[in-house]
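Shared between the two complexes below is chain A, which pairs with chain B and chain C, respectively.
Right, the complex of A and B next:
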């Protein structure tokens, strides 16, 4: 029998620790699939974040380095400068990239480091129980904003990372996508692939922001979470290519 | 698709599901354009109703379930 769709070789054959319906599972597979397709498994080094994807190194079958909270892009900068011929990517959540690691993110992007960054935006701090993150949308209820996030009461507006970084000269590719249906998942796969190709071609910093569900922290079923992304999140975080050079 | 006995269309695709990995999120179920997948009435090792193919195989091998499954527990084979 011929295999039509199978688990990528860059993915270790183990079960994940993610909750049911978590977008991290889909994105771990997509990243591994891109590495397989480009045939760069022996020269890829991933940098895992702190957050729900902290154990990503248990699932990927290539070299993965674990960075301190928020410092994935700083660690990736060091690895890339020591090994310019390797393909380096970071895989970070919104608590890691947009909150504690904002300085590292902005400066790595501004320096135009030739790194690919996969940014998983689930609009909350998933691992610690669903507190408000910088990307929590206005009106969204979390454990620290039980009445919904309100800019009037001093909680601020959600940060649009893809737009923010696209203003920097060092960024060559900035895109926002989502995983709420199979078409979007396949499109996300193409965007991640393009971001890897950019790095191989020696262009600057590439960011792929992915709107991903967190059913456990949102207190929704996996299906309702996907619908919520499509109906609510996409209104504030428009999808598409924001910058391409 | 090939035609079998009594002119019933048979699919050339076969789904292999690691049922003990399934967490029952149903993302594959709703994305299947053929409505081929269903929740089993039995429980797996995790204690959730796992996903399975219906008795009549009408899979067209589009791979939507493969792309949507966060666990990567669905693989599609072609005869």
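Right, the complex of A and C next:
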């Protein structure tokens, strides 16, 4: 019998703390699989955010640094500049990357840091119970937008990070993808792989934005969550390659 | 700077930067703020030439977190700032302490609160010596009174940081940062000989299990264990790293306690008072945390009264009083950039203590 799929070596065999249907599980695995496939486990250093993925070091079997909320790309900058021959990536949620860490994100991208950034856009703050994130879509109900996000009431519009960063010269690769069906999961895997290869080839900043489900905070079943991404999120956040150099 | 016996005239800020590089610091990230701009400029001019990394960060928050990344990568790293910028760094300093990462943070103090003024001050003593950020932690704090001593303390500071795996602060007032004095000895061999092994650092898990650097401990009781472990470390620092300097204490009725530039001005006053046969001595804490209480208590035994002189409205004086509950402790301080002069100190002693 030929084994078609097995646990990546870069993934530790433990129970996860993620909720049922959460996209972090899929993306933790995809990242580990890319590291395996590129054969870079012993030179990869990941930076975990503050958010639901804060415990990523429990799952990844390579060196990992935890960063303060929003500061992952500053921490990654420090590591990468000290170890230019290593492969450094950050893994961040939308509150982390696009709200509290917006300055660190824009400036790391603008400096063209040779870092890969996996950006998990679940349209809310998962860890703290589902508040509005900068990416929460218009009309979406969260614990802090009980009537639905309303730009007219001063809650702003969802920020399109992949587009915003693509305007910066230091960014060499910016894509948006999603994980709402197996094809999209495999596509996401290819994008993440490409973003790692970019770094290995010495190109600038690479961003992979992933639309990812958060059934617990969205108050939806895992299946309905996948459908909501496909039907609602994608309308506002178009998928595909936004910039490739 | 290459080893040479020739002395060179340098500002405190430049000398601190050179001392860092000479001590093996190979990563600096900072953000401009007066009165420490010569420090970041010196780093920009010299760090890369000497094989290190220099980054002008987008903010002090980014700078301290870049330093955290470099420290996690196993590299000697430092940053510098002044009051408002050091406030922004506090979150990062707390994370450094929680993650047990060594790094050097320089605060060339200016007057506050708020934007305050760019003139010299010693008003960040509380912030520096009480942890400063959130959570239960301490950072060793070293306060130079000359450019020459600033060099030594930077080198010593890196050694303490590496040895205990804890961030260390250099607390200099703007007078020390800005004044120029001859310095020559950038030889770090006078300090700890042994290089600490950094087998915990993130360098890629080649031929070893994966390392992680973190400050999160979620399981019940585990954080308390971590806190207890940290406390042991701080108790050890309290025991081993108290440093102070004394002058004119062989026969002494009145003792001035002051640090940094204020200790120099106080010594000037002491010399003048001694000419009039008033027996005044100086006790100068070099480590502000741990506060050198042991040394102070011993010397204070034979003293009638104590005067604390600070460029603040009274911060270190609280540590002096804590250590000497049965002594009469007086305080002379000025804030907002005002500097107590030798004349003011003499007048105060003549009027209030004698």
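Going forward, the second predicted complex is superposed on the first by the 243 of 245 C-alpha atoms of A that agree within 3 Å, B and C clash if a C-alpha of one lies under 4 Å from a C-alpha of the other, contacts with A are read in each partner's own complex, and residues count from 1 in each chain.
The rule is simple: contacts are C-beta pairs under 8 Å (C-beta built on N, C-alpha and C of every residue); 3 or more make two chains touch, one makes a residue touch a chain.
All of these numbers come straight from a predicted model, not from anything done at the bench.
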Go through the superposed model and pick first if A:63 touches only chain B, second if only chain C, both, or neither. second
Can A:74 be said to touch chain B (first), chain C (second), both, or neither? second
Who does A:45 touch here: chain B (first), chain C (second), both, or neither? second
Looking at A:219 after the superposition, I want to know if it touches chain B, chain C, both of them or none. Which is it: first, second, both, neither? neither
Contact-wise, after the overlay, does A:22 reach chain B, chain C, both or neither (first, second, both, neither)? first
Thinking of the overlay built on chain A, is A:54 touched by chain B (first), by chain C (second), by both, or by neither? second
Across the two complexes, find the residues of chain A that touch chain B and also touch chain C. none
Chain A to chain C touching residues, read off their complex: 41-45, 47, 54-55, 57, 60-68, 71, 74-83, 86, 103-104, 106-107
Which stretch or stretches of chain C touch chain A in the complex? 26-27, 29, 53, 55, 57-59, 61-63, 65-75, 77, 91-92, 95, 99, 202-207, 210-216, 218
Which residues, counting only chain A, touch chain B once they are in their complex? 1-7, 11, 15-16, 18-26, 29, 181-182, 185-186, 189, 215, 222-223, 226
Could you list, by residue number, the parts of chain B that touch chain A in their complex? 13-14, 21, 23-27, 30-31, 48, 61-64, 66-72, 74-79
